[in-house]
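Shared between the two complexes below is chain A, which has chain B as its partner in the first and chain C in the second.
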Partner chain A sequence: MAGFLVRRLVGRGVLVVLAGSLAYLLAAGVLDPRAEFEGRAPRPPEAVVEARLSALNLSDRVPLASRYRIWARGVLHGDFGRTQEGEPVNAELWRRLGVSLRLSVPGSVIGSVLGVLLGAYAAVRRGQGADRVITAGSYLLLAVPVFVLAALLQMAAATANDAMGVRVFAWVGESTPGEPGAFRGLVDQARHLVLPTATIALAQFALYCRYQRGLMLDVLHADFVRTARARGLRRRRALLRHGLRTALIPMITYFSYASGLLVLSGVFTEKIFGRHGLGEWLVDSITRGDVNAVAAIECAAACAVLPAGLVSDVLSGLLDPRLRAGAAA
Partner chain B sequence: MTVLRVTDLEVGYAGGARAVRGVSVTVGAGEVLGIVGESGAGKTALALAVMGLLPGGATVAGSVRLHDEELVGRSDAELSRVRGKDLAMVFQEPALTPVHTVGDQIAETVRVHCGVTRAAARARAAELLDLVGIPGAARRARAYPHEFSGGMRQRVMIAMAIANEPSVILADEPTAALDVTVQARVLDVLRAAKEAVGAAIVLITHDLGVIAGFADRVMVMRGGKVVETGPVEQIYREPRAAYTAGLLRSIPRIGGADAPRPRPERPVVLRVDGLVRHHPVLKGTLVRRRAGTVRAVDGIGFDVREGETLALVGESGCGKTTALMEILRLSRPQEGRVVVLGQDTASLNAARRKALRRDVQVVFQDPAASLNPRMRVAGIVAEPLTTHGVPASLIKGRVGELLEQVGLKTEHARRYPHELSGGQRQRVGIARALALEPRILLLDEPVAALDGSAQAAVIALLEGLRERLGLTYLFVAHDLAVVHRIADRVAVMHMGRIVEIGPVGDLYRAPAHPYTRALLDAVPVPDPLLERGRRRVLLRGDTPDPMTPVRGCRFRSRCPRYPMLPAADGRLCEEQDPSPGRETDRLVACHHPLVTIGAE
Partner chain C sequence: MRTRRGAAGAVLLVLVFLLAFAGPLVSPWGWDETDFTAFRQEPSARHWLGTTQSGRDVFALTLRGARRSLAIGLLAAVLSTGVAAVIGTAAGFAGGALDRALMWGADLLLVLPPFLVVALLAPGGAWPMLVPVLAAFMWMLTAKVVRAMTRSLREREYVLAARFLGVSGPRVIVRHVSPRLASLLAVDASLTVGVAIIAEGGLSYLGLGVRPPDVSLGTLVAEGHGAAATWPAGAAAGLLVLIVLAVNLLGDGLRDVLDPLRDGR
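The block that comes next holds the complex of A and B.
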């Protein structure tokens, strides 16, 4: 299995290099940082703009190929260049990656676990009350845009705060400025995480719930579940031990890749809750025409798919003996 | 003593289908009750109702008593204490959970019913696997279902069924998905398992041959009702119901006296010489590497004369269909030669190949899958005519003619495939193949998907068409009884090779290759007395992995004759690959054939 994983990893590494290069070329080709500089008031003289752009490796007067070469050489040394403001991209990237991960990891884990469980439960109770409620709920969540959901949660939290007379929930930024003490600080940070995490979890929950319900319906009438019952297992036990276990396998791949990309797709949540993560930065950088930042974020996203793929391979291998055999052979 | 008593059982499916209507039957301790009937007779519905495993929405009325305890209307929890303990079931598809090892699944069956330790349950699992004849049971218990062949999986199902020594085992078509050779061994295992635990067996099947050798009593079902019940000898010798008599008449049988007919001196229309088709097996995702070769067809040769029918028989995976498809391609094979109507397929240009396509047509196994579900019958039959540029004015008349030829009515022309029965669908497939007036028809298991009576009717149709239109058939089948009825000559395939070829009569009466002999022995005879009195030679083991090359005879690992041979003779089998000679009417690829074949 180890050899198989290494081969897969190498294969994906090649893909990441391709994706990263493509992202840079696209960003450098389409975005227009010159316009941004020229649009500043007072308008800087032409020569100053050009000098500034050249220094940042952003000048569209230099051929794209040579800009790419300079950028790639930097990336090989672990340097993504500088933002338009001249700050190093790397430092900002790491900081924001941390912010995004703190938000997306708990959100997606909670959402997917709940989604899988309730989706499977709904399938087992197909057509009954519980299934109707879960199905209606997940459709509703799918139909509501994230920012509406976030606003609704904020309203609910505000009402709750008022009702209890204490500020249990807080949602602006990552922490309350000036909260004293290390422990109180942690509690405060956690308090700020509740609402955005819930937003992400609910959105993820709806997707996973629908998907898992469909997968589970397929195995509900599978011959091997019937066999298990014929051997004397109760329906619930047969469905859990034999049905759900098998229906989880396709879910793993989806889960891994979806959470790899979640780093970026949290953009609405980040914006609404004032958390300065990668998604927010990507949108801002695109509007500013900040080529180096955009390319760096895209590279980070492509790299996130690497561990996600690895996790997917390992988990699927553990869950599905058929894959294991294919890998060993 | 009666262990299972079913009284006035009624089963209705959601949607209103009344699958079982008032069936009453009893099963005595240690008895084998056979249930036969055509597809849709309600056999499976009856078994599922007894187990309490009908799909949601189905309704059950009447009574099922096991040891005088009522089962109808009990809760899932109560029934689960009976299922797998006192009442077990083996299904047609050996469906095991793909993600658990077979040993774990057997051990689970033991553990849900009695509180033994995990280790004890494991040991019992290995013991059971050994009992059902899985070699290296303790090691194989750790294997996953996909690592087992179909026959082995069915044996695991039997092991689970007998795990808790039930008093009744329901077996619903336990061998329908298996080859005859494997079927014979699985039935033996079932018999041995029954002896071991003294259970009664209810054996459901549409194969009257299987019942003849196995059951004590037979119940014939039709349309959800019991037609008749009686001791097996009586049902076979003097059935009371006309329906049963018809069912018995429709079975194709091996045997009967057929005088050896000399091969007619007619031109050869299809000649195959040293045909090879190897499939590379690739592995890897980004970089694909060649990991091995499946020798699907590995140098076969035969010829078919005009108006003759040659049957290719053999177990699943032996390369029958691949051989057929290679001929159908009408282009240069990987190795060897295919000559169709005097033209070498390697030297054809596109125009000549297209012209030749009209003369060689094919009928597939699964009529449901090979007909476009969104086209009406008339459109399906007309399709080859339009592609070959037949003017539209002529097509309508020709379609009517074709449908009549295959015994369909004009009103069928407007239907969609799903509005036809299996037999009717296969007739549409045949009509389509006949549309361009071919001279050679390649038939890939044309009746395997049909039940008894439909099978007999389609075979009769094929025979009639052969007479009237002077067709030549290359007929692929695994059912030796069907082959006996329709073929003039038979070629037996094993692992990509033809091991024996000859006229049907000779080959069936005096098989020369040990493999042919074993295949014939495995076919159950639909006659209780004959079937029970027979001495049979069964094959050891499963077909070897087609990817590992074998030195010497590739049948050696399963050959019943090889272990009996003196060492000197056996060495020949180990060292030399026996190859059939060329260009004679009867050939065998074995160093020590069972009968000597005169060199002609």
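The block that comes next holds the complex of A and C.
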């Protein structure tokens, strides 16, 4: 299995390097940092703008190829350059990556686990009340864009707060400034996490629930499940050990592609709930024309495919013995 | 059961279209008119859905936004499915180096998070520019499915017979392969409409898609969100959800009808 994993990892690594380069070239080719500098009041002299841009490797008078060479050399040394304000991109990237992960990891884990479980359950109970409710719910949820979902949750939370007379839900930023005490602070952070996590979880839940239900229906009447039943296994055991296990394999492959989706739902949740993560930074940087920051975020997002793909390969290798056998042969 | 869902989607979609395109004919206000006597009004006989903070009629604005969103979604979906069909059949039919190159390109675009790149490319430019940008990042998975189907179709007897009779490659694809793909593509196009409309709404919400003074459902939700009055954002959000729901229902209904191998879900 190790050989199989290494092969997949190398293949994806090449893709990520290319994707990162493409991201930089796109950002450098499309964005216009000069306009941002010239738009400042009072307008700086031409020579000052040019000197500043050249120092940051942003000048559009330098050919794209040589700007790319400078950038790539920096990245090889682990340096993504500086933002328009002259701050190092790296420090900001790590800080914001932490903020984003604290939000998206719990949300997506809750969402995907719930989605897989309820989707499988709905398939087993096909046509009955539970199935109808779950299917209709996920269907409706799938039609609601993330930004509408977040707004709806905020409205519901505000109503709940008013009704109870206590501010149970809070949603602006990561914590209330000046909340005293380590324990109170922790509770406060958790309180701020509820709504954005629920937004991400619900968005993921709808998707996974629908896929898993379809996959589970395919295996429900498969020969191997019937054989397992004929061998004397209880229905529940046959479905869990043989049905769900097989139905999970295509799902696992899907997880690795979903990491991009995660960044996407992160953009809206961070923007709406005022959390200063990668998604918010991306939107702000695009609006400002900050080439180095945009390229760094896109590289980080492309790199997220590597660990996600590795995890999905390991999991599908564990679930699917044919893969291990194929790799050994 | 299976056709009922599709029918419900179709009816809903027709109603939305009627509302979006015939609504302005009966609306007393144009979307770009300002009523200086009514700022932030509740719904009334004069303004059916109230007015915004700047005195614009919410009903007319919402319909205008819906027309934008529908146009962008439909065009982007058709374009993306078209690209997927051409690239998928070319890769599957030709095989060899062309196949590898095209599928590798698709993988590359899959690794690059599409929304990020779309957000980068979309700003600046009129709304028709959004269509190719959105379409450029929605074709990859469909192209892979089309390629897999084409590869299996290529080995069928009737396709081989046509080949041995000296029919040229492109002609075989058009005459013998593409009819088999038609139902898959129809279903894919209708499901992609929903994705495209949501993507457009999201971009416009962030201020990266449709720009003021033009409006789309996304910009309307963004403007209304956080304001004291929930009317303007609520109307736009509701219509957006309704459109996506209708399109998804229709797409699933189509799949159930056109693809008899899959039982109704």
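Definition applied: the second predicted complex is superposed on the first by the 323 of 329 C-alpha atoms of A that agree within 3 Å, B and C clash if a C-alpha of one lies under 4 Å from a C-alpha of the other, contacts with A are read in each partner's own complex, and residues count from 1 in each chain.
Methods note: a residue touches a chain if its C-beta (ideal position, glycine included) is under 8 Å from a C-beta of that chain, and two chains touch if they have at least 3 such contacts.
All of these numbers come straight from a predicted model, not from anything done at the bench.
A.B. asks: Taking the superposition on A as described, I'd like to know which of chain B and chain C A:Ala41 touches: first, second, both or neither.
C.D. replies: In the superposition, A:Ala41 touches no partner, neither chain B nor chain C.
A.B. asks: A:Arg245 contacts which: chain B (first), chain C (second), both, neither?
C.D. replies: In the superposed model, A:Arg245 contacts chain B only, not chain C.
A.B. asks: Tell me the contact category for A:Ala302 with respect to chain B and chain C: first, second, both or neither.
C.D. replies: Only chain C is touched by A:Ala302; chain B is not.
A.B. asks: Just to be sure I read the superposition right, which of the two partners does A:Ala163 touch: chain B = first, chain C = second, or both, or neither?
C.D. replies: Neither chain B nor chain C is touched by A:Ala163.
A.B. asks: Answer with first, second, both or neither: which of chain B and chain C does A:Arg8 touch in the superposed model?
C.D. replies: The first partner, chain B, only.
A.B. asks: Just checking: does A:Met155 make contact with chain B only, chain C only, both, or neither of them? Give me first, second, both or neither.
C.D. replies: In the superposed model, A:Met155 contacts chain C only, not chain B.
A.B. asks: Name the contact category of A:Arg226: first (chain B only), second (chain C only), both, or neither.
C.D. replies: In the superposition, A:Arg226 touches chain B alone.
A.B. asks: For the three-chain arrangement built by superposition, which of chain B and chain C touches the greater number of chain A residues?
C.D. replies: Counted on chain A, the partner with more touching residues turns out to be C.
A.B. asks: Going by the contact rule set out above, which residues of chain C touch chain A in the complex?
C.D. replies: 107-108, 110-117, 119-121, 123, 194, 198, 201-202, 205-208, 218, 221-222, 225, 230, 233, 237, 240-241, 244-245, 248, 263, 265
A.B. asks: Per the contact definition, I'd like the list of chain A residues that touch chain C in the complex.
C.D. replies: Of all residues in chain A, those touching chain C are 12, 15-16, 18-19, 22-23, 26-27, 30-31, 139-140, 142-148, 151-152, 155, 213-214, 217, 257, 260, 263-264, 267-268, 271-272, 282-283, 286-287, 294, 297-298, 301-302, 305.
A.B. asks: Going by the contact rule set out above, which residues of chain B touch chain A in the complex?
C.D. replies: 51, 53, 55, 76-77, 80-85, 88-89, 91, 93, 95-101, 105, 108-109, 112-113, 144, 146-147, 157, 160, 163-164, 283-287, 291
A.B. asks: Across the complex, what residues on chain A touch chain B?
C.D. replies: 7-8, 11, 14, 221-235, 237, 241-242, 245-246, 249, 319-322, 325-326, 329
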